[in-house]
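I have placed the structure first, in the form of structure tokens, so that the comments after it can refer back to it.
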Amino acid sequence: MKYNLFYFIQSILIVVLSPLLIGILKKMKAILRGYVGSSILQPYYDLEKLLKKGRIISNRSSFITTIGPIIILGATITTAFFIPVFYTSMEKSIGNLFILMFAFAIVKIFTVLIGLDSSSTFGGMGSSREAFISMMAEPLMLFLITFLYIETKDFNIFHISFINSNIVHFKMEHYIAMVTFIICILAENARIPFDNPETHLELTMMHEAMILDLSGSDLAYVELSSYIKLVVYLIILINCYIPMGIATTLTASALFLGFLIFIIKLLFCLLGIAIIETTFAKSRLFRGAEIFPATIALGIVAITLIYIL
Amino acid sequence: MIEALLTIILISSIYMSGVRRIKLLTGGFVFQSAAIGLIAFKLGYDTGEVHYYVLALLTIITKVIIMPLIINKSVKKLKINREMELMVNAFNSYILTGTGIMIAFGLLNKSHNNFIKTGIALFIIGVLLMVARKKAITQMLGFLIFENGIVLFEISLTKMSFVIEAGIVFEGLMLALIMGIMIFHINKTFDSINTDSFENLKE
Amino acid sequence: MLPFINFQKDWLSIYFVFIIILIFIPVAIYTKGYIMEYKKHYSVKYMLALIILFVASMIGVVFADNSIDFLVFWEMMSISSFFLVIYEYINKESLKSGIFYFVMTHISGLFLMIMFAFLYKYTGSFNFNEILKFSVNFSSKQKYIIFILALFGFGAKMGIVPLHAWLPKAHPAAPSNVSALMSGVMLKVALYGFIRVIFVFLTNTPIMCGVIVLVIGTVTAIFSILNALLQNNIKKLLAYSSAENIGLIFAVLGISMIAINYNLKMLASLALTAALLHCLNHAIFKSLLFLNAGSVLYATGTKNMDELGGLNKSMKFTAICTFIGTCAISAVPPFNGFASEILILRSFIEAITKVSNIWIIILIFSCAIIVALTSGAAFYATVKSFGITFLGKPRSEKSEHVKIIPTSMNIGQGMLAILAIVTGIFSPFIIKEISHYTNNLLDISEKNLSFKNETEIMIFTIILICIVFILYMFNKINSSNKKQEINETWACGYAQDKPYIQYTGSGFVQPAAKTFGSIANYNKKINLKETIHISQKTSDIVEDYLYKTSLKVVDFLTTKIIEINYGKIQSHISYIFVSVIIALILVLKFV
Amino acid sequence: MYIVVLGILFLIMTMTPLISKNIKISGLVTILGSISVLGIVLKIITLLYDGGALNYFNEFFYIDSLSILQLLIIASINVIVSIYSRKYIENEIDEKVISNRRGKFYYFLFNFFVFFLMFIALTNNIVAMWIGLEGTTLTTAFLIGFNVNKNSLESAWKYIIICSIGIGIGLIGILIFVNAYTNQDANQILKWSHLVKNPNIQNIYAIKIAFTLIFVGIGTKAGLAPMHTWLPDAHSESPSPVSAMMSGVLLNLALYVILRFYLIIKHVPGLENTKWLFIIFGCASLVISSFSILRQTNYKRLLAFSSVENIGIIALGLGVGSKIAVFGALLHSLVHAFGKSLLFLTAGNILSAYKTKRIDKINALIKTMPINAVFLILGMLVITGAPPFPAFFSEYYIIVGTVETGNYIITALYSFCLLLVFAGFLKVFIKIVFNNEAGEKYVKIEEDKENTLPLALCFISIIVMSLFMNSYLSSMINNAVSIICD
């Protein structure tokens, strides 16, 4: 197992650039809604401000709140080191999909427990809903891994993207799987229609409700980690389902091209999310839950398609 | 001679199967036992075997003398009403015994051993008395008749050693005695010898 | 006639004995402190003796090398565990559940007796090695018979649906250290028996068997975890979750059996490895969680979550241990539950790709989806049990002033917690060890059961730790010059924050209750008198329908048959003659 | 001449109560006598260690490995019970329940009863066996009706009527049986050892009828369902030592007599299927008793039903007839004797302490009478066939036998009944021992310590059995098995 230095660089890149991307997303939404949004560097300013502030902790809170945010951020950053961005190769190396998926479980468990930690009603509500949604989302994850494995006979995300990169036109099950994964992304990252990241009405909040009682640097860590998480998910989407054009050799031209195409794809995805968030409304919790059986049905269709067609 | 005695036994038993009064029943039983005793005596006379005499003696002593004494004593002393409530009335009892005996003889048509046939008839009567009568004392009588049947069997079948037969008859006597004593006790504690009062033992 | 006891020492036995002892040592240490609670009413010597007997007999079961010894130790295991379950005989509930448990386990014993009788009939020997020699030439009918008997026999002990009903009764009734042993180890012993019979004796079972095992396992998993989700009694929740884990193991065994049948050796070996690994992991974290529940019970005197809360302040160490246990059971890396979870899912996925028959594929795929849902629900349930119990505010008097936990109990918990982490991080080595055995068992020549995530989890852990450390340092530096105040919970400025405004356990799982409530027969009654009062209860549907009806049948038969013993003496006499006549007719006719 | 010694012993034992005024003496004599009887029996066992047979008085008495087992059971249970009855009778007399005279009468009858049991086990003459059985009926009738009251009289009456009818039918059977063998010399005809050697029968038809009559008739005495109806009443009403003796010894002795006849006709061509009589009646007993056990309110009745069940098991094992099953059956008869005596004696202690037989009246025995409670639980485990007690092996071997011979339905039925019995026992005894009602105060009863020596003896001998399981005992049983099976 050899770890290519280049992986490291691209991963660092993600960590650094993710707030910018979120900024872009916010900007897109603003434009779509027809007003001039804040600058795309706004997330950086927010983080900086938060980091400057001191923190107030609830007197009920336990070690969960003390170490939680740091571990959440750590876990998310770690996941960034396990994915290809715009360069991949067939070398035997890290990047097992399972570990990636389960790594997000760390984030999940800590956020949920933080919600319960500061004995407030809203926190409990948020955690309860989050846990419910993630429980429903679990089969989707399995389905996606299954699908990719069937397609490429491999669990390593680098290899998967490598193998898929030289497929030009995909079969329909591939697209179905992609749709499912997009829904999965929305669910896991607490976006509309499952949750509304920018609401201020507590009763509809999930992710925000859980971190209601965090402040200062803690809040900054959690926010940053949520940014990174979204980006990582998007990258997984890009590199597993539409990896064409990703750099597979370490030549400058290929890398440059790969980077360019990657950025385009990423922006495209962000645009997609922005459109979804501006057009859809947040659905009730149980309406949201109903989406999962539907997607699982899709998944079954996809799998059977592979075997029957 | 023997045939005649056997007929007497048969008739008496059929007669007994329908009587209503304990006294008559006892009388019939005495008659029957006497007949059996005589049969044994006759056989002994014919064959000259000792143990036939012994058997005859024992039978007559126990069944003709002692048993009736016990029974009458208890009947008098306990002043139980002499009627014995029939669960199956006389008419049906007769018919039952008749059919029973018929079937038995039908089954045994091959063998020409009248002892066995009569014995079986006695069994049937005994069973009837035990099952279809309410008084404990009639059950006892029924059992005694049953045993008479056994004695007939024994006579008819191959001769066995003296000790054994003595044992069998002796135990019959013991049993009868014990039953008599029990009837006393029962009557004392239940102040009736009606088996309907045997209902306490449940669960 | 009765062979002497002599041990067999193949890898499988040693592995399971290893598990037993591994769990027993911490539990024993824990027991030292835990029995203080019982000093008042019960005799402590009795309990210790029984525990020793219990563990000894379990080791005996695993080491036994002929069926008679096996059964003897098996029954002794049942008996000792029964007396341990009714240890708190003062409360009637534990007596009731103890009796129920003993009857169920006796059912399993009878099935096993019959099964071994069949093995004796087919192979002409009680000895396992003899049976092994013979095992190649079982006919498929014989295999079916033995499989079904083994399924019921061991299944009743493992608590697979529909024979699981004793688990949620017996575990809460037993003292916590005992339930730790029972759920952590005893179920594994039953599993050992199943593996021994199915995989070692009749190596290659018909396809149907594998399918049955797979389906039963999946059903067990989903059914019991959804029940667990809706429980408010900690130990009941844990008991159901044990049933769920057993279900997972069972399902993966089913995959392995199917694979063997299709002669996919690698896949079979992978699945079997997953099952064996999960045995170890489940043993560790489940007994850890039971011990924690015991500590909570010891400290507060209640098992009901809705009376607990905020224990992290008063019993910090236990809280941390429970947190580790929770992470482990909800498959959070790098804790151990995660390693086996990966293997299980992997074997499902690979099965989908490798098996040729489309229907079997569809079956496996749907099972896989259910299994995934199960693991999600497991996350939900355990987070509930930890969060509601240890976080937030105390919900009642009981959880406010708590007893001090003796050190020995803490040591016991701590050891298991450390084990949970260690076996998680170093799982690759354990997997290698196990896969050696499975390869030998399925005689795969080349030793390349190569897991792609070999040692990757360790790299992951290292990176994670480094990053967390860096962040921590950064945080220290950053917040060194800032003021940090501790204050009431903000809760959006909601003024008086009373304990009862928190989410309760039942509230926490409300979404799931709405969606899946019917499976656990969940119903909620709200009556609006002068005070609004909500009463909600769940019950086990299998128990309600299956068990109750069968009891009714037996009862009916009893009322009919028992009549024979009553009635008049005349009728009794007539029985004799009737039976004479019947017997005569039979004999003259048929003889 | 062991037989003579035995005879003398029994003469002494029976006569002492009639002669001596003092009740204690007769109790003592009984105990000593029983111990010496046991000694003699053990001596005989050592003589017969490697199969073979002894006979005395030109084969009137005949001892082989089969009768050895019975002798062992009788003698050892006799010792235990006579030790128990000494205290028991003294208590009864102290509490003015019975008069001194009746106490002596008890010893007289008891020893007579034991004498008859020994006689059955020893004799070789098939009619003498019958006489012995009848004798046991006569003696036990009074023992059952010992403390004269409504229940005991009723049960005694039932017992004497039903049993003597059964015995009568048995006698008829025997007479026919003998008759089917005529044309042989008179002084050999009644000898079992003679009959079993040369089974040349004139009239198969008669033999069939005869054996059926014998089976049902003597089966009544053995308590096979549906002729068992006397048994629950008798066992529950008679004094505990007597019930122990009856259910432990008498029942399987009656079965032993049937077995003797079965062995004679077993090899006759055309009569092989008579084994189904054992199986059918065994299953009937199993089913009826196991269902009846589920709903009992009187613990002695419960134990009585369990005796029916165990006899059913033994009959089943004998009927299945494969070597391993027969081994199981014989072993089970041995274990059942000890275990059931243990239970009955414990029940006797509880009865004398609580003065009630109702289950719902007794709670938390573990607190009030710990010693007896422990013995009760142990006895329950022994009877329900829990390892390491031998009953487990016997039941398991019978299961193996049924499977081996391919009677799968019977296997299922048998296991189901075992389960029911187990559940019933568990329900009752756990309730008696552990259940304690809220708000009640349970204090230790001082009767607890009394009369626990016999219980201990019972339990010790069970343990000894399970220790000698695979050395001495099994070789002994195997000899008996070889008599039955070939």
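Letters are used for the chains, namely A, B, C and D, taken in the order the chains are written, and counting of residues starts over at 1 for each.
Keep this in mind: a residue touches a chain if its C-beta (ideal position, glycine included) is under 8 Å from a C-beta of that chain, and two chains touch if they have at least 3 such contacts.
These numbers were taken from a predicted model, which means no experiment stands behind them.
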Moving step by step through touching chains, the smallest count that connects subunit A to subunit B is 2
The chain whose mean C-alpha position lies nearest the overall protein Cα centroid is chain C
In terms of CA centroids, furthest away from subunit A sits chain B
The distance between the C-alpha centres of subunit A and subunit D, rounded to whole Å, is 79
Distance in whole angstrom between the CA centres of subunit C and subunit D is 44
Chain-centre distance (mean CA atoms) for subunit B and subunit C, in whole Å, is 70
Distance between the CA centroids of subunit B and subunit D (whole Å) is 31
Each of the following residues of subunit D touches two or more other chains, namely 157-158, 161, 165, 232, 295
Going by residue number, subunit B touches two or more other chains at 130, 139, 198
Each of the following residues of subunit C touches two or more other chains, namely 569, 573
Listing every touching pair of chains gives A-C, B-C, B-D, C-D
Contacts from subunit C onto subunit B in the complex sit at residues 566, 568-570, 573-574, 577
Within the complex, subunit C is touched by subunit D residues 157-158, 161-162, 165-166, 169, 205, 208-209, 211-213, 215-217, 220, 225-227, 229-230, 232, 270-271, 273-274, 276-277, 280, 287-288, 291-292, 294-295, 324, 327, 366, 381, 386-388, 392-393, 396-397, 399-400, 402-404, 411, 415, 418-420, 422-423, 426-427, 430-431, 434-436, 469-470, 474, 478
Touching subunit B in the complex, subunit D uses residues 125, 127-128, 131, 134-135, 137-138, 141-142, 145, 148-151, 153-158, 160-161, 164-165, 168, 171-172, 175-176, 178-179, 182, 186-187, 189-190, 232-233, 236-237, 295-298, 301
So, in the complex, the side of subunit A touching subunit C is made of residues 1, 51-60, 62-64, 70-71, 73-75, 77-78, 81-82, 94, 96, 98-99, 102-103, 105-106, 108-109, 112-113, 116-125, 127-129, 131-132, 134-139, 141-143, 145-146, 149-150, 153-156, 202, 212-213, 216-217, 221, 285-286, 289, 296, 299-300, 303-304, 307-308
Counting only contacts in the complex, subunit C reaches subunit D at residues 1-4, 68, 71-72, 75-76, 79, 86, 89-90, 92, 95, 98-99, 102-103, 106-107, 110, 113-114, 116-118, 120-121, 554, 557-559, 561-562, 564-565, 569, 572-573, 575-576, 578-580, 583-584, 586-588, 590-591
